[in-house]
Amino acid sequence: MRQDGRIVCFGEILIRLSAPGAEFLLQTPRLETTFGGAEANVAVSLARLGHEARMLSVLPDNALGRAAADELRRYGVDTSRLRTGPGRMGLYFFTPGAVRRASEVLYDRAGSAFASAPADAIDWTSELEGAGWLHISGVTAAVGQASADAARAAARAARAAGVTVSFDCNYRPSLWAAWDGDGPAILGEILSLSDLVFGDHRDIALILGRSFAGEGEAPRAAAAEAAFAAYPTLRRMASTRRIQHSVNHHDLSGFMFDRDGGAWSTPALPLTPIVDRIGGGDAFAAGLIHGLRRGLDDQRTLAFALAAAALKHSIPGDFNLAREADVESLLSDGGLDVRR
Amino acid sequence: MRQDGRIVCFGEILIRLSAPGAEFLLQTPRLETTFGGAEANVAVSLARLGHEARMLSVLPDNALGRAAADELRRYGVDTSRLRTGPGRMGLYFFTPGAVRRASEVLYDRAGSAFASAPADAIDWTSELEGAGWLHISGVTAAVGQASADAARAAARAARAAGVTVSFDCNYRPSLWAAWDGDGPAILGEILSLSDLVFGDHRDIALILGRSFAGEGEAPRAAAAEAAFAAYPTLRRMASTRRIQHSVNHHDLSGFMFDRDGGAWSTPALPLTPIVDRIGGGDAFAAGLIHGLRRGLDDQRTLAFALAAAALKHSIPGDFNLAREADVESLLSDGGLDVRR
Amino acid sequence: MRQDGRIVCFGEILIRLSAPGAEFLLQTPRLETTFGGAEANVAVSLARLGHEARMLSVLPDNALGRAAADELRRYGVDTSRLRTGPGRMGLYFFTPGAVRRASEVLYDRAGSAFASAPADAIDWTSELEGAGWLHISGVTAAVGQASADAARAAARAARAAGVTVSFDCNYRPSLWAAWDGDGPAILGEILSLSDLVFGDHRDIALILGRSFAGEGEAPRAAAAEAAFAAYPTLRRMASTRRIQHSVNHHDLSGFMFDRDGGAWSTPALPLTPIVDRIGGGDAFAAGLIHGLRRGLDDQRTLAFALAAAALKHSIPGDFNLAREADVESLLSDGGLDVRR
Amino acid sequence: MRQDGRIVCFGEILIRLSAPGAEFLLQTPRLETTFGGAEANVAVSLARLGHEARMLSVLPDNALGRAAADELRRYGVDTSRLRTGPGRMGLYFFTPGAVRRASEVLYDRAGSAFASAPADAIDWTSELEGAGWLHISGVTAAVGQASADAARAAARAARAAGVTVSFDCNYRPSLWAAWDGDGPAILGEILSLSDLVFGDHRDIALILGRSFAGEGEAPRAAAAEAAFAAYPTLRRMASTRRIQHSVNHHDLSGFMFDRDGGAWSTPALPLTPIVDRIGGGDAFAAGLIHGLRRGLDDQRTLAFALAAAALKHSIPGDFNLAREADVESLLSDGGLDVRR
Amino acid sequence: MRQDGRIVCFGEILIRLSAPGAEFLLQTPRLETTFGGAEANVAVSLARLGHEARMLSVLPDNALGRAAADELRRYGVDTSRLRTGPGRMGLYFFTPGAVRRASEVLYDRAGSAFASAPADAIDWTSELEGAGWLHISGVTAAVGQASADAARAAARAARAAGVTVSFDCNYRPSLWAAWDGDGPAILGEILSLSDLVFGDHRDIALILGRSFAGEGEAPRAAAAEAAFAAYPTLRRMASTRRIQHSVNHHDLSGFMFDRDGGAWSTPALPLTPIVDRIGGGDAFAAGLIHGLRRGLDDQRTLAFALAAAALKHSIPGDFNLAREADVESLLSDGGLDVRR
Amino acid sequence: MRQDGRIVCFGEILIRLSAPGAEFLLQTPRLETTFGGAEANVAVSLARLGHEARMLSVLPDNALGRAAADELRRYGVDTSRLRTGPGRMGLYFFTPGAVRRASEVLYDRAGSAFASAPADAIDWTSELEGAGWLHISGVTAAVGQASADAARAAARAARAAGVTVSFDCNYRPSLWAAWDGDGPAILGEILSLSDLVFGDHRDIALILGRSFAGEGEAPRAAAAEAAFAAYPTLRRMASTRRIQHSVNHHDLSGFMFDRDGGAWSTPALPLTPIVDRIGGGDAFAAGLIHGLRRGLDDQRTLAFALAAAALKHSIPGDFNLAREADVESLLSDGGLDVRR
């Protein structure tokens, strides 16, 4: 996979409106506003880790769209190629869970500028000039027909240009249902254009129409084997496993497989009490891309990705704001006490 | 006009998301959430003034829609007949102005449950049972074809049932433009079914395709004369005049005319520094309805309405939370010092 | 027990003034204000679960009393029969605990309008018209002689009218001590008029002047047997067991017994880290009443009650704002991960 | 008047619970907590101005009482002689006004430890050792019979010990009404023991049962003449005049008279927009005492007092936290621009 | 003056720590954090107005320095050439004034990375490649000998490279006093290298050792004449006049002169109540540079600058976040009412 | 050790500026401000536990320095002998950790008034009049040469005057490195003047240049033996052991040894989730001094100290605000449930 050239992330940027503390939505008259979106989260994380990351998206030409672009720029993402278009800003309302009450996401993204953009809004050939890596996710494909088409066009153009393609399955049933999209077929097509996939046995089962019994490494290994068989360009597959003892107490471990039979895993890391679980998968993806781009060895790459994901759970908002030194510090076991 | 029977208000309920202080939208990561909507504001104000007020609207069946209904119920509005339907919650983002920077409203109400409801979603004959008064506004008509039709159907049904109809012109060009609605024609049709209209010479000029030169009482009187001539059922017309010295320093006065040539006005009330100007017109409308329902004399009715509007400018949010005693206290000139 | 008719709750409504975060009281210059009171908590919870719940209480005729009524109405409680009377608003100051520092309640309710109301302020015969259920608690009896008399009068009137009576012992030594009330005797008298009691072996031991050794199900079963023997109208007895590992880490389980020897219990549910423990017992009571009113089977009824209590621990304030779907979701083990 | 010895202030300390911004009480679920009380305000202001000020009061022995004492100590008041006693903490709820809506104080001080203390709780002879000045106000006298008696005993003891007595009339009708106290008689008795009185013609009219027509200096001069005639020990009388253009725009001027016919006044100082008007009179009293204790000339003393009062209007809370340099800076007209 | 090429701003970036509301510093346990510095303010304002603005400065390599850079990048400033160096982050504590209490700045910038940087830390020849404009201010010169030298070196290099130099006198006595710097001489030397100076007759008087009597346009015109005579490269001089009625009520007008005898002024704009006065001069400078770069006519340029400065007074923080459309809207007198 | 006489604490007082929640520093534009410093923490804790504690330090004569003194006075510390001097206020920025991300302290104390004070700024002979105990810590010694000298002078003077000396090693490598101070030598010298040392085997190893293998009681016992051998005046040594399962889940136990071979330890107390870990060691020190001053038996003294330290972990800020009754309540195992 390529270690040179800019990393391009393509997807929708959302404003997140969260109830403060562990309140129900609008229990008190205040919402906390942060920004997110699967690919934007990856872009921010990569920029914070020191990479040149560019975001491609479509935003409304209003105060909300501009604020979203500003926030990505704040964290070092290249926002010079963001487009504006008709439509509203995509939002999601977030009710953080606690104890045994699960968190809830209420999407309010219908009619967004991103969803309303035509599939050919972006000329991928020119946009990928200077790029070495393209990252997209299944959320983009799930937003609607046009963005599903755009995601496929992006992956095809990247493939054609020798740009590495990473793809995070991120299956969101409610989004697919909203426009009756054929999730498995579309995700499969993007997978067939990818070099690296973030997904576990459940994702592969859904896409290939198969099933992989069990939990942990075994079904993931089987699913990886099946995916490598089905998709000749695919070279790596990575995922996390999340065991949830309570809403804010999880154990997280990481797995990675390559086409040559390589398999790596990490011990489970207990995370409690979690500050903010949103974006954990995106932080993992960014951490893994970091390891591959930096040429870390495979085990270190996976460990770095898991540590990045773990850190995300301690940071409010969707973005993993940790820097390379923060991740290294966790990896080197510098201790958990106050650093002075 | 009828002083018996419930007051029914029909219109869209919105969540307002405001930047705190005098910040730009999302300058800091927090929004203050209140609720509004022209007719909901009138309903809350009437309930606080001691009237039986019922809100008719369509909300999404989700946490946001339920929170909106809860907030109206909190202030004593009868929410038992609110409906739910497909679509999202109508929002508006508010950037409060200051000094010489005007406040800005960014509507985000496209695709709302209210706008998506069919014109015949409400059976007006049965909904108006027990009602003595119907209040609607030009905002409802401006939301889209279906709600424009619904507004007209409501007014027609009320007229047929002997229910007094009050109508606030509330002309919002950006909403009419969004669906290319013929504002003047539709507003005129509703006006032709009304007993009481809230509007000034600019509203009447727009609807009748005429113009009334000047400022203050004279053009308002001329417009009232024209309106009474054009609309035989119309019996009263009332409006405020707002002179703005700066964003938060206004002078407010009130005017009322009746079909028999009666004309009333109030001295201008200086308001500075204004806390929240939104909902001032709705507070005036509710105050005037209060006076008419309670049988106050005409001058007192207008003075009560203006005092209610003035109080609204001292209260955060869209709702005028003042109670009858608060308005009376302002009217009786109880003084401006601390009450202990 | 009756499944028809309105549920009437009688007791004092309090404003809670809480230190934010884990601060000592007034460590920083801000208090968070919510509302509570054992019976009000039950009323809100029942209204949120879809029941017709009416609150009977006495409030001061000032801004605080009105705010308390507004908040109950917000959540769907019927507040149309709340009375006002001389006296102040009952308050309690709350210092939330943490780690190994216990939470503290500082009652400031002496001289409240509720405590000052005469015992015959409410004509129970007329107030219970249309009612199917009356819920009261030992807190009401403990406020003072007049409210102890009122609580007994309410229970007697309900008994006479065929209205089911549920009673939560809620023994509060500091309140009884303040007026030297004979807690055991008065609680026993109310118990003798009840169909359902919320209490454990410690409550029954206190009331009957006996003791039941041990922890868990055995002493609760013995106490239930004794209570059924002593109080012929009593048909069910339910309680929770709370094992506290730290201030914010508890295990909670539920127990229910009936006069026919039926005994039900639930596994212990670990709750950590708890957001707000206040109102857990009231949420349990409301959940159990919900199950009985809806005709759920006994085990399901108890499980629902425990799940409702568990959810309360994740919600700031005294009120369990969970809706039926929230409780069902916990019961059906829909998982602890983010719901999108 | 004495310039040596400690200044002793005697009165009730209250916690103030304020709605934030310009909200109605409990419009949002938060109250801001500060501390106040007429005499405590004077004590804090004097301590900030560099004087040795001791507070005498009775507080409950709980977290609230201790927090009140801590806050006074924070600002340099000597709290070593505060007592505790049975009863609750005195509170007042504050709804800040705006525009044309007056601020409102809702007292909740019935049954406080201060009000419940017996009249002889304090041995004034020993408490006044080392004191050169005693300051009390009409609020203390108005709290109830016991504190009215205590206030008189304090003034008598001070008189006997050659300690200068200053008295702020601070007439609060609602407090006197609550226990049917004879305000004019009691205030008159304290006045007859005072050296310096803070009050205007309305206060003297009330106490002497006379009337002084007009506004401004003339009626104040006439009232002073009458007071000096009626009370032989009285040597000075001072007051402010407050003209209110709106709730937060006042003009404030100061007046002082002495027994020898001396009369001083200041130009009116426009104050807009006022941040917090509470405690303005107490700041004036402290400023005047400061001038007298420091031996400033009469005009300077009055100007200092008025500047101190003016500064108070720019500071949130009851306390005037300004230091001597802050007042001097306003007096010396150092300009209104940012100081860097 | 050049309209092409990047605008480079050179100066210290500071974190501002402000007391909230109108509180004294640390009156409550919270500080609001924003960012500022005279040249950073100009850079942000220019970026918001659509210009390519680059900031040159030296920051500590820690979380504070990085946050400062992030915030500038957020608003579109090119931060790619910011340096890091030993030393701390420059801070200033801000106590906002109110009513008649002036605001206070407490600088805490001794030992900052900027102040500690050697005078030749920046190779101006290479840094000015691609630049068309350099903006510096007297604050930079006042920080210490090294930064005074750096400021002069920057101006010399710009002059040599044909880069337009604008200079804001910004005389800060407390900074010059701290290192005993010869302010007039150093400011004069920079002035001798400038094309455009922001300053009034007081600045020129100080630098030239002369005096210009009076207020308003006349002394400014005389000072401009003197400056043009003394400094042959100087082509324009601009300033505002600020009349302060109270701490938050000012009248602001603008003046501009050119070497050819051109003189422009604006009417005074009343500003009340001001939200945040800091950065008003920097907003004026940026607005004027905007007009000159865009080729607006002279009167329009000055009007634009004054409108930009006026808008700044309505925005919390040091930065003028207004965009070109906001300024145009104020200029075109679009009215002060809510924009929907 | 002496149980009479005032306790004097000598060291630097710092303002702590903390990111709210679990945010990164300046992630959102707000910092929470509290006060701290190792010796100030001990002084506050002792004052809250009922002891006469006086703070000796040097503060800048500005709003920040005064606020620091005010806060100590608020909690009952005698601040009458604090000095002011040239230099800035010492600050530290705090990024609270979470989950597996360690907390971080960013010191910003270079050039503080305390660090800038000459070694002989304080005349120890007169300052120790009336004192029975002196407490200092290794932080004071680490600030710079002058404060190291001052710490030694203080200890010597105390020794000479028969004042008990307690010393907390508090080794901070980053502070020593900043001025190249010989930490082991200087700490050793102070130790040679102490009666009681707070430190574990790592501290003694560093100071004596030895090593003590293992964890828990054994190496602490060996280190104590070595310390008693090396320092003849030393009579007791105490420390905590902290096992960290995650950033906010620790097990804490206490150890104490005396010169006569006495050894005491406590069971480990699990602390989770920790609210604020800063100041835990200072709370332990204060608790131990409390036990010794009150003459508690040795085991009780150690248990009290550990309970005090445990409580500190539940309190926001550096100060242990627990009072004696709070500690006793934890010790007596009054239970973890809400106290009403």
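When the chains are written out, they are named A, B, C, D, E and F in that same order, and each has its own residue count from 1.
Criterion: contacts are C-beta pairs under 8 Å (C-beta built on N, C-alpha and C of every residue); 3 or more make two chains touch, one makes a residue touch a chain.
Owing to the predicted nature of the structure, the values given are computational and were not obtained by experimental measurement.
Q: What chains, if any, are shared contacts of chain B and chain C?
A: The shared contacts of chain B and chain C, listed by label, come to A, D, E, F.
Q: Which neighbours does chain D have in common with chain F?
A: Chains touching both chain D and chain F: A, B, C, E.
Q: Would you kindly tell me how far, in whole Å, the mean C-alpha position of chain E lies from that of chain C?
A: Computed from C-alpha means, the inter-chain centre distance equals 63 Å.
Q: Using mean CA coordinates as chain centres, what's the gap between chain C and chain D in Å?
A: Here the centre of chain D sits 45 Å away from the centre of chain C.
Q: Going through chain D residue by residue, note those that touch at least 2 other chains and give them in order.
A: 24, 29, 104, 273
Q: Sort out for me which residues of chain E touch chain F in the complex.
A: Going by the criterion above, the answer is residues 15, 17, 24-26, 29-34, 62-64, 67, 88-89, 93, 95, 104, 106, 108, 110-111.
Q: Chain D touches which residues of chain E in the complex?
A: Where chain E meets chain D, its residues are 21-24, 27, 97-105, 107, 172, 174, 242, 244, 246-249, 273, 277-278.
Q: Show which residues of chain B lie in contact with chain C when the two form their complex.
A: 70-71, 73-76
Q: Inside the complex, what are the residues of chain C that reach chain E?
A: Answer in residue numbers: 28-29.
Q: Help me check something: in the complex, which residues belonging to chain F touch chain C?
A: Spelled out, the residues of chain F in touch with chain C are 269-275, 310-311, 313-317, 321-322, 326, 329-330, 334-340.
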